[in-house]
Amino acid sequence: MLILLHLDAGPDERARVRDTLTALDVAVEEVQLGDRTGFVVVGGERSHPKDSLARIPGVAKVVTLTDRATLVHATWKEAGHAVSLGPARFGGGHVSVIAGPCTVEDPDALREVAHVVRDAGAAALRGGVFKVRTSPYAYQGGGQKALAALHATSREVGLPFFTELTDPRQVQEVGDLIDGVQIGARHMQNFPLIEEAARLGKPMLIKRHWAADVDEWLNAAEYALRCGNDKVILCERGCKTADKHVRYLLDVGVVPYLKQRVGLPVIVDPSHAAGDHTLVPALARAAIAAGADGLIVEVHHRPETTRCDARQALSPDDFARLVRDVRAIASLTDRVLAGPSTPLRNSAVGG
Amino acid sequence: MLILLHLDAGPDERARVRDTLTALDVAVEEVQLGDRTGFVVVGGERSHPKDSLARIPGVAKVVTLTDRATLVHATWKEAGHAVSLGPARFGGGHVSVIAGPCTVEDPDALREVAHVVRDAGAAALRGGVFKVRTSPYAYQGGGQKALAALHATSREVGLPFFTELTDPRQVQEVGDLIDGVQIGARHMQNFPLIEEAARLGKPMLIKRHWAADVDEWLNAAEYALRCGNDKVILCERGCKTADKHVRYLLDVGVVPYLKQRVGLPVIVDPSHAAGDHTLVPALARAAIAAGADGLIVEVHHRPETTRCDARQALSPDDFARLVRDVRAIASLTDRVLAGPSTPLRNSAVGG
Amino acid sequence: MLILLHLDAGPDERARVRDTLTALDVAVEEVQLGDRTGFVVVGGERSHPKDSLARIPGVAKVVTLTDRATLVHATWKEAGHAVSLGPARFGGGHVSVIAGPCTVEDPDALREVAHVVRDAGAAALRGGVFKVRTSPYAYQGGGQKALAALHATSREVGLPFFTELTDPRQVQEVGDLIDGVQIGARHMQNFPLIEEAARLGKPMLIKRHWAADVDEWLNAAEYALRCGNDKVILCERGCKTADKHVRYLLDVGVVPYLKQRVGLPVIVDPSHAAGDHTLVPALARAAIAAGADGLIVEVHHRPETTRCDARQALSPDDFARLVRDVRAIASLTDRVLAGPSTPLRNSAVGG
Amino acid sequence: MLILLHLDAGPDERARVRDTLTALDVAVEEVQLGDRTGFVVVGGERSHPKDSLARIPGVAKVVTLTDRATLVHATWKEAGHAVSLGPARFGGGHVSVIAGPCTVEDPDALREVAHVVRDAGAAALRGGVFKVRTSPYAYQGGGQKALAALHATSREVGLPFFTELTDPRQVQEVGDLIDGVQIGARHMQNFPLIEEAARLGKPMLIKRHWAADVDEWLNAAEYALRCGNDKVILCERGCKTADKHVRYLLDVGVVPYLKQRVGLPVIVDPSHAAGDHTLVPALARAAIAAGADGLIVEVHHRPETTRCDARQALSPDDFARLVRDVRAIASLTDRVLAGPSTPLRNSAVGG
């Protein structure tokens, strides 16, 4: 069960409810859902009926955890705010574009790409430093040195950055340096990693595995929410099928499906879906037209020099055109493209 | 091999080339590709080298049929025109919406839906009369009686109609009554049906099977082009995957992929993909934003009374809103929504 | 609803029941299910309750058609016999192997393959004469001339043959010449074809489409049973997935699943699944070990000379070894390999 | 590149080759491939041509790493031995069955199941203690306490055990207690986990992800081999498809495909594929008939009491029958079922 407190419950009230539950011998975990505090009851459902717990002073609502991904499904809508990170804002009428190179290789190249995407209208940077590669002989990323370069460039251009972590020990080592954590598709069900990353309390981009159904994906997010982190952004990046004309089949229909059901922002990665830069702009327009809260796009000014995914990186010109189209389609559906020059309600780095 | 004649080759020249080939003992089939005539060489490739045939007077170009779906791939771009049917025009800078009930059941209901979609901006009607149902106990369609009702309503509202044929014998019996033939997903590789339907010379909508790759789909179209029918419209309607949140996963990426490679118009059926009317508008917007040349959409003013696919039919209001969005997104990508009130280059019923 | 008569109901009783139903204004279709006659009520379910119809003299049981594929699911078990064709017997404790070339090309080659497979233990021949090819430029089969050669060879070696039909008009033209009809995967939902073929009253091999689920497959069989043909053999031939190591992924689990639920024989085509002769023997052994009632296998003494699927044809030696393994594994699971030299209960050609 | 030393190269020779490479400024990692030592050159391929390195004294062969999964593909065949763990032996003419409960819950129940499977012929135990569950609210396993119970039971019945690890930190904490490590399907591309686990030097069961192709799977194994662990067992457990009649579609064809190409043992998990105990025996027979080197099967004497996957556990009687069938089919294909009472070449716990 999930015990939700009243919106105005302060620390004293939280403590009182916790004490009451403890006295009842009910094991709970505290969760923060937007502006609201809740307690997840772990394992004691049978001894204490829902109706009794609902009578504890300070408790607003008790939700039975029979549906999976309960925090995602049942609660978020009440809290209802977007996920923000610096000038980027995902959801709540805002659309943001994350852009940058596939992989951080050369600091100078990184700086050039970062300026390009900032000037074109990106609200956050992307760049891989700990890469997950199918083959152990493929380039594994620049590690901590690359992370330092990404951090420095981020501060230089004034955009926060997202990067993927792949090992719970990395979270402990370098988590503090990171603005937004990306959980890659291959790690969508690496729950020790998700839990460790969630505890950083920073925005988390959870990519959908290419064979995950919606229930599996939302439950991965649920692992994060259960750790008290409500800054989860869902990212669709395409499904594996027998098709050969695209690398992965982008599931554009999952965007409206989720927007009708959960409050978490949903963004789309057209670059990994298409695997081909000539298809990326059309997929990006489709995603925004379907209601996506943002995009994460690979851009490079000299794709032919990169060690990874050269075929899917957009040129600076193509990216600038993409941002213009995204702005126009977002406006058609009553939304605003967020970016460095757009005034927002909440713009603190870290959420 | 494909032997293409010069654009200005008249009947005499065609006859001369054919005679020359016959004298060489090469079996050929004449094909009409837009404004251009060609001969497909059947089986004699080994005896007569390409370079020799290219020297026959009147021959512009000889294309080796090593790529499959050659007529679709190699030739169409040269001819380069849209497929038109009455006020509907697909491709060449025009977008059209086909709309109507899943199935023609009740003539009065059909008339009501037809007026609704015409007034909202549809350029053609849809309606099933010979249904392909998984179960033999499901409603199999109203047959010839329903076809007569569809024809009468079509003339009343001034919109042409598309309907599915499922048996080569039906083509022979009722083909003359039909404006545009639909080949359903389950019959995408029913080549006797496609060939018989192609010989009607009318616009043909070839739906992609839910497990067909692009090569299989284009080769199905190639069967029609080989019979001399160049009025093929490709229709994406979703792929079968393990997902449960949509009925089929709409492959929006196939739209730009095809638009870069073939000249045939590509439209999208968001109704059968979603299987749920609440998702149809978002998929429709995404399809047009990705570059689709049109849509085929199920609409009903009282979906609760229908015998088939009630869940996916749009209400009249939702459909009117969808057409407005389609017009706006088409305009953003420099295209025009074609319809009864839009002046067009070519508006003869039948192409 | 399905109205089943008593097992010993004769022609008079059938006529009486039919008259009673007609007098009640109930539209019915007569079906023959093994040794039992039934009437399928079409559309009148609402006016005449099940309990009333069950009181008509001569009626044994009334089954409500709420489950789809009702004849397949609910009735067959009662009749409970195998499908036989000459020396071949599928089900009822017998396993049979159908073998031959992919396509009938050269009459001499066909005769050689036919002798090889007969001597090794095959109980029926296979050979394509009307081919369904993805590309219109691929070899489309030898047609009626090839069919005549297949028929002559069949009589020479004393084995019946299966061949695919692809057009309802073909059924009418050449159906009489054929021993067993194959419905190919691409035509699994071509219901006009299935119905026309079922009316021949001959054994029918219905292949599963590579993207069909069990319900869709059994409903295709239901279309045949509804036409009164109870000699349907289901054939699994692999599912389309993203994998590249096999052409199709053989669903060996569908064999025990079906054997627990329906009485129709289930056989396996390892050749089209694997697409590679080196994998065929292992898949064949697996199929029989899982309980399959037979196999259909491509064999050729000189695969390098064939125009179609050369890579998957077994050599004569490999085929002889395969039959030995099949016999041994069948025996391990208490079944007998049927063939020309095995005495059987019922060996009339045609069922 | 992979530099392989002569089979009889001793420590001195290894050191000399390493020194030579270091002097050339080539970064290498030493790998042990069966009885053979190799050096993987990391990143220096361009400066030192293959032909030069092959002239270093003591070097037998230099393999270019252009094929992915090189150690798996190119080298293992030379070493060519099975993976052994106590009485269990996978490959090299031996077949072994791993069996036990899905999850270690109750120590008494565990002991009962362990005796049952040992007596029936299992050669190793299975039992989950760190569970990977889609939902955070599902039972997450008994952790270290359950591991202690599994270890104690294993010693009591004289069978080694496999259990899944899910976090590189767990490997460090409890790796010493474990006989064989299982990498679950969801963690197949969790490379930090695989590398940490591989360094234990113990047998590793790497399950195939339900959407992984063969290349991805073998590359996951390559990550382990690159860390010097040559005791990898590949385990097929079914692919995710749109089908509903089985939980996952068992890819029985991957068994012969791999046995023709790599030396690693390949086993099959019919329990997770089927998701239904009534289908498990048929899948198990099919797997062995196709050439699998073993099985991993869930068994429980009272499945109705378990918290996880109750539907797929075999009863003791069904399991005993399955082992008898496996023994018979293995013998038909010239292999021997390994177990506690079967004498083997090498039976040390730990490989």
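The chains carry the letters A, B, C and D, assigned in the order they are written, with residues numbered from 1 in each.
We take it that a residue touches a chain if its C-beta (ideal position, glycine included) is under 8 Å from a C-beta of that chain, and two chains touch if they have at least 3 such contacts.
For clarity, every value in this text was computed on a predicted model and none was experimentally measured.
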Via touching chains, subunit A connects to subunit D in a minimum step count of 1
Interface of copies subunit B and subunit C: same or different residues on the two sides (over or under half shared)? same
Distance between the CA centroids of subunit A and subunit B (whole Å) is 40
Averaging C-alpha coordinates per chain, one finds the centres of subunit B and subunit C separated by a number of Å equal to 34
Separation of the C-alpha centres, subunit B versus subunit D, in whole Å, is 51
Multi-chain contacts in subunit A, i.e. residues touching at least two other chains, fall at 211, 215, 240-242
Residue set of subunit A touching subunit D in the complex reads 65, 68-70, 132, 134-137, 166-169, 186-187, 189-192, 209-211, 215-216, 219, 222-223, 226, 240
Per the touch rule, the subunit C residues reaching subunit D in their complex are 211, 213-215, 239, 241-246, 249-257, 260, 273-274, 278-279, 281-283, 285-291, 325, 328-329, 332-333
Subunit B contacts subunit D in the complex at 240-242
